[in-house]
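Chain naming follows the written order as A, B, C and D, and within any one chain the residues start at number 1.
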Amino acid sequence: MRKITYIDAMNEALHEEMQRDENVFVIGEDVDIDGGVWNECYKLMETFGKQRVVGTPISESAFSGLAAGAAMCGLRPVLEFMYMDFVGVAMDQLCNQIAKLHIMSGGQVKIPVTIRMCGTGTGSREAAQHSQSLEAWFAHIPGFKVVMPATAKDSKGLLKAAIRDDSPVIFIENRNLYYEKEPVPEGEFIVPIGQGEIVREGTDVTVVAVAYSRHKVLKALEMTEASVELIDPRTVDPLDMPLILDSLAKTGKLLVVQEATSECGIGAEIVRQVVEKGFDYLDCPPVVLGGKNIPTPFSAPLEDHVLPQVEDIAEKITAFAKYQI
Amino acid sequence: MRKITYIDAMNEALHEEMQRDENVFVIGEDVDIDGGVWNECYKLMETFGKQRVVGTPISESAFSGLAAGAAMCGLRPVLEFMYMDFVGVAMDQLCNQIAKLHIMSGGQVKIPVTIRMCGTGTGSREAAQHSQSLEAWFAHIPGFKVVMPATAKDSKGLLKAAIRDDSPVIFIENRNLYYEKEPVPEGEFIVPIGQGEIVREGTDVTVVAVAYSRHKVLKALEMTEASVELIDPRTVDPLDMPLILDSLAKTGKLLVVQEATSECGIGAEIVRQVVEKGFDYLDCPPVVLGGKNIPTPFSAPLEDHVLPQVEDIAEKITAFAKYQI
Amino acid sequence: MIKKYYKRMLTIRYFEERIKQMYRGGEFFGAIHLYIGQEAIAVGLCSQLSDNDYVFSTHRGHGHYLAKTHDTKGAIAELFGKETGCSHGYGGSMHMFNPLKGFMGGNGIVGGGIPLALGAAFSAQYRGTNEVSVVFFGEGASNQGTFHESLNLAALKKLPLIAVCENNRYAATTPVALSTSDEDITKRADAYGIKSLSVNGNDLTEVIAAAKKAVKHVRSGNGPFLLDCKTYRVEPHCGIIADKRPEDELAQWQKPENDPLNCYQAQHPKELNSATVAALETDVKYEIEEAVEFARASSFPKVENFIKEFAVQ
Amino acid sequence: MIKKYYKRMLTIRYFEERIKQMYRGGEFFGAIHLYIGQEAIAVGLCSQLSDNDYVFSTHRGHGHYLAKTHDTKGAIAELFGKETGCSHGYGGSMHMFNPLKGFMGGNGIVGGGIPLALGAAFSAQYRGTNEVSVVFFGEGASNQGTFHESLNLAALKKLPLIAVCENNRYAATTPVALSTSDEDITKRADAYGIKSLSVNGNDLTEVIAAAKKAVKHVRSGNGPFLLDCKTYRVEPHCGIIADKRPEDELAQWQKPENDPLNCYQAQHPKELNSATVAALETDVKYEIEEAVEFARASSFPKVENFIKEFAVQ
């Protein structure tokens, strides 16, 4: 299969969807200039022109609202936050407007907005205001779907699915994956929202790895003998619980790995649903390995300490595998 | 014991703390006029004057930041959001500034801000944008403490503790409790942050009731034979896990009741910690009874349907009590 | 036209009076913010709009809704939370919707609707229609960040947006002097290079003239326009809040010449003679009573449909 | 004074050049935004402040930090993430802090620091000191809601705030014409009734004169002041972003008369003759190399202390 980068895969999705549906447009800071700061909008301006490739001032509330209003009138905006961390300035437009307009109107308006959270990730020493993974905020608010592709293939397939979805979709990207080449099928394909993926089959432990953690877990597997079933949920709201529960029926042991802080995170949510729906499968206490409950510090050794490292994951997996009922 | 309302109890706390420490001031919309829209600032203006009772325009980001900057210079602001739902417009100032300044400065500045989330609650038919209980957003972000008093006594004692705390404290009030008279001791007292309360002792089921749910559970107890240990966590971040775990050691069964949506909520967090630290205590799957995953609709029957009702709680408790291992 | 416009104002006035009465009587719940005293603004603006044009409203939106849609029944039924309501009971007072008539919703968040209105204006530009998007907001809302961001963005993109500030001198209990450092909102428009006009918002004739100018400017592709309408909130902010405004101030604003209905009537003594007005009053009252009966007789939305239609999981 | 001010600009210039080199060499990581070409603004403003006055900075804050604190060692050590850094390694380039010298931090959120600066100004007013609070921000940031809300609030409360817009013509890759509907930011100040001045931000003499006026105005209790400083960002926005600005534009701004250091030197040929400048250059280079050695030799912060001091649970 051909190999392209995560960012190019998303860029292909944008080209294809904008070609397919003239109501699709992109909006965000710098998207109209030199293909955007991440190169995510490469050639969009040249191909679709400035009415459909809308550069904005640094006014996230205003342009998020613009997207919502345009969606109310039938357009399908793809909205960009340059980093997920900046979403704080627009939480009202996202969570009180975009997520709720459909229901507040009694179903009369739809808000098919795709909200790209670019530049999410850690490990590049960008400190507390550029290192957050805030998927839990949106999973907590009814009205959104939330996806977190961890491969180039999923980045394309999920972006296309998001754009075609009639609900607002929070699309969370990881900057550490942007420029790695990976296999991506040619042409059209969709990765359905709500479908997880079994990355590795195994029998000892089920590891659910959220987003970038998938790659950390894969590295950790090289350091352990345990037979691990690795699941990438891909969509974190709604979760693919049947997939997770089926795996647990086999392994009886659950580890969730995520970069976000554990408190009230996706891992906690998975545990809540797992114990409610699959308590009898569990042979030992499910554990969430997440970011520590501290704002991410700048200094390298401190940042590494705050986030789950490959060694931590390997250690936990080994301990889990050894655990006897 | 004398009886006063929740709102008057907080008002007393403000008078006492402003008297005690000249660095304490209050800031928010309408706080300087007629005692504030909830009467929460009754007589503050008359007593402390306009430099310490600071009315603002409807500019939540600006005045939240003002509070943070003032705190960096040694003041101790008590900041008001008229309804918790409005916090979306100021999430950056709260979560990227107030919560992180202490650590980003390497500990050189402290941010002793108390952030009052007034008017939280449901059941009064105020629809999707005036019905949210967003404690999980703040529990997820490192750097905050989060308290949710459910009685007049706790509202006073926790407000005083929050004002004296050197960390930013999210103080979540419930509008349905504001004007009910309840017993409150005379004079000075503090309710320590991080301490839950056993409201009722019991042996069959542990029910952790978040905020207003405490009152719903008390009503539900009149409809069931089960012996329930009712815990009001009072602080939801950090949670008083020893208290909850001790109770579980006795009952083996956990029900969490909250008004917030269950997904990634405080209940999920309690479950995460309980299974990690007290898995062997559990006789049956712990359950979270929370708001449904739908923005709160206006119409009475729909709103009632979305939120856990007394009958739902009673039913769940009875089922739990009957559950045999 | 004169009779029609007067009747529209009268409908809003009587609607609000009736609502107030029923609310106090405990017939329905939730927050209500009355529009009494500001009728000329909604009616004046909407007089220049078609169903294809968009209106984005606020927490104080009954008047905007009625002026844009003339749908009294849907409005009252919505306040009652009935499935025949204009938002099928899901929205209530602050979230009336009627997209078919171009009414794009109220908003419970002060300043929350301004960015949304940009989107409808953008959609008109995108599709090359000549629709305009009108957003109402209070002087209090003009101090929210969204106001600033939206006006700058509208100016940059030359969007067909009319921003209508209803300066009713109060935001909840805060007088304008304590919320808005320079009360003249047109200066803010100047800062973005946006054309603007200040008008007496209680004089329908003035409002109509200004609305005409604004709509013409915007529809011709000249970019946004701001209208600064001076008015006064006659009722308390909402159901639950104490109102201790100076009595003389209240009295001043309740004088006939300052009341939008009286003022318009005085300008048109012939068309709006007492017999005509009396007839209109009868009509309007009847229409409203009919709507009340309709709302009362309607059913609540069904929980079963609700779950099917809206539940995500 | 002239030598001192020139030396301060030179320190920033050489600091940034050295940083750029080390960053490219992979000696440290994270985002860095260079201040080259804007030195006169930070130096001019800070020349009028004491340690008791406050500065709130941005993502592009090295220059502000050095001008306010003269702490080269703490700055470089911070970029290296060392415990001797001015934020003990917790902050990095965007979060330098030195509250003892009145430096209240950079900010990774565009427009995020403006509200914070209100707070220091408020504190001065509250305690009755005559401190002033200065906040720097880019023309890009002037389109954030926080700008608007903060200026209105500062004007209402007459806070001792100096808002310094560094209009360097770009926000990341977006030129000012595409972000700011009217480039003249002083018009925005007018809208709030805030006094303001526009200056050539690359002419230190002009900046100092304007800063004097602003500080005097603000310190005397007359409320906030806005300075609109026209300048140019000579370097790319930050490490990772491609820079495709027009070559002639770049060349124009790199001409000696447009460079803040050359410009100042030309104004003071005697005090800043080539021998003096050469000596200053030697001094500054030496100082910076010393700071680099200091940073290299320093230890990383210890994880154990970290947990003790900051962990909540």
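Throughout what follows, contacts are C-beta pairs under 8 Å (C-beta built on N, C-alpha and C of every residue); 3 or more make two chains touch, one makes a residue touch a chain.
Quick caveat: nothing in here was measured; it's all calculated off a predicted structure.
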Item to check | Chains touching both chain B and chain D, listed by label | outcome: A, C
Item to check | Between chain A and chain D, centroid-to-centroid distance (C-alpha), Å | outcome: 35
Checklist entry - Taking each chain's centre as the mean position of its Cα atoms, how many Å separate chain A from chain B? => result 30
Next on the checklist: How many angstrom lie between the centres of chain A and chain C, each centre taken as the mean Cα position?
Outcome noted: 40
Checklist outcome for this item: So chain B residues touching two or more other chains come to 56-57, 59, 61-62, 85-86, 88-89, 92-93, 96, 103-104, 127-129, 142-143, 237, 292-294, 297
Item to check | Residue list for chain C, restricted to those that touch at least two other chains | outcome: 87, 89-91, 95, 107-109, 112, 143-146, 149, 152-153, 156, 178-180, 301, 310, 312-313
Checklist entry - Given which chains touch which, is the overall layout a line, a ring, a star, complete, or other? => result complete
Item to check | Parts of chain A lying in touch with chain B, wherever the complex brings them together | outcome: 61, 85-89, 91-96, 99-100, 103-104, 127-129, 134, 136-137, 139-143, 237, 260-269, 271-272, 275-277, 279, 282, 284-288, 292-295, 297
Checklist entry - In the complex of these two chains, what residues of chain A are touching chain C? => result 25, 51-52, 54, 56-57, 59, 61-75, 92-93, 96-97, 101-109, 142-143, 145, 167, 237-238
Item to check | Sites on chain D touched by chain A in the complex | outcome: 28-31, 81-83, 87, 89-92, 94-95, 107-112, 140-141, 143-146, 171-174, 178-180, 237, 240-242, 244, 300-301, 303, 306, 310-313
Item to check | Of chain C, residues touching chain A in the complex | outcome: 54, 56, 85-91, 95, 97-99, 104-105, 107-109, 112, 114-126, 133, 145-146, 149-150, 152-153, 156-157, 301, 309-310, 312-313
Next on the checklist: Looking at the complex, which residues from chain C come into contact with chain D?
Outcome noted: 143-149, 151-153, 155-156, 178-182, 187-188, 190-194
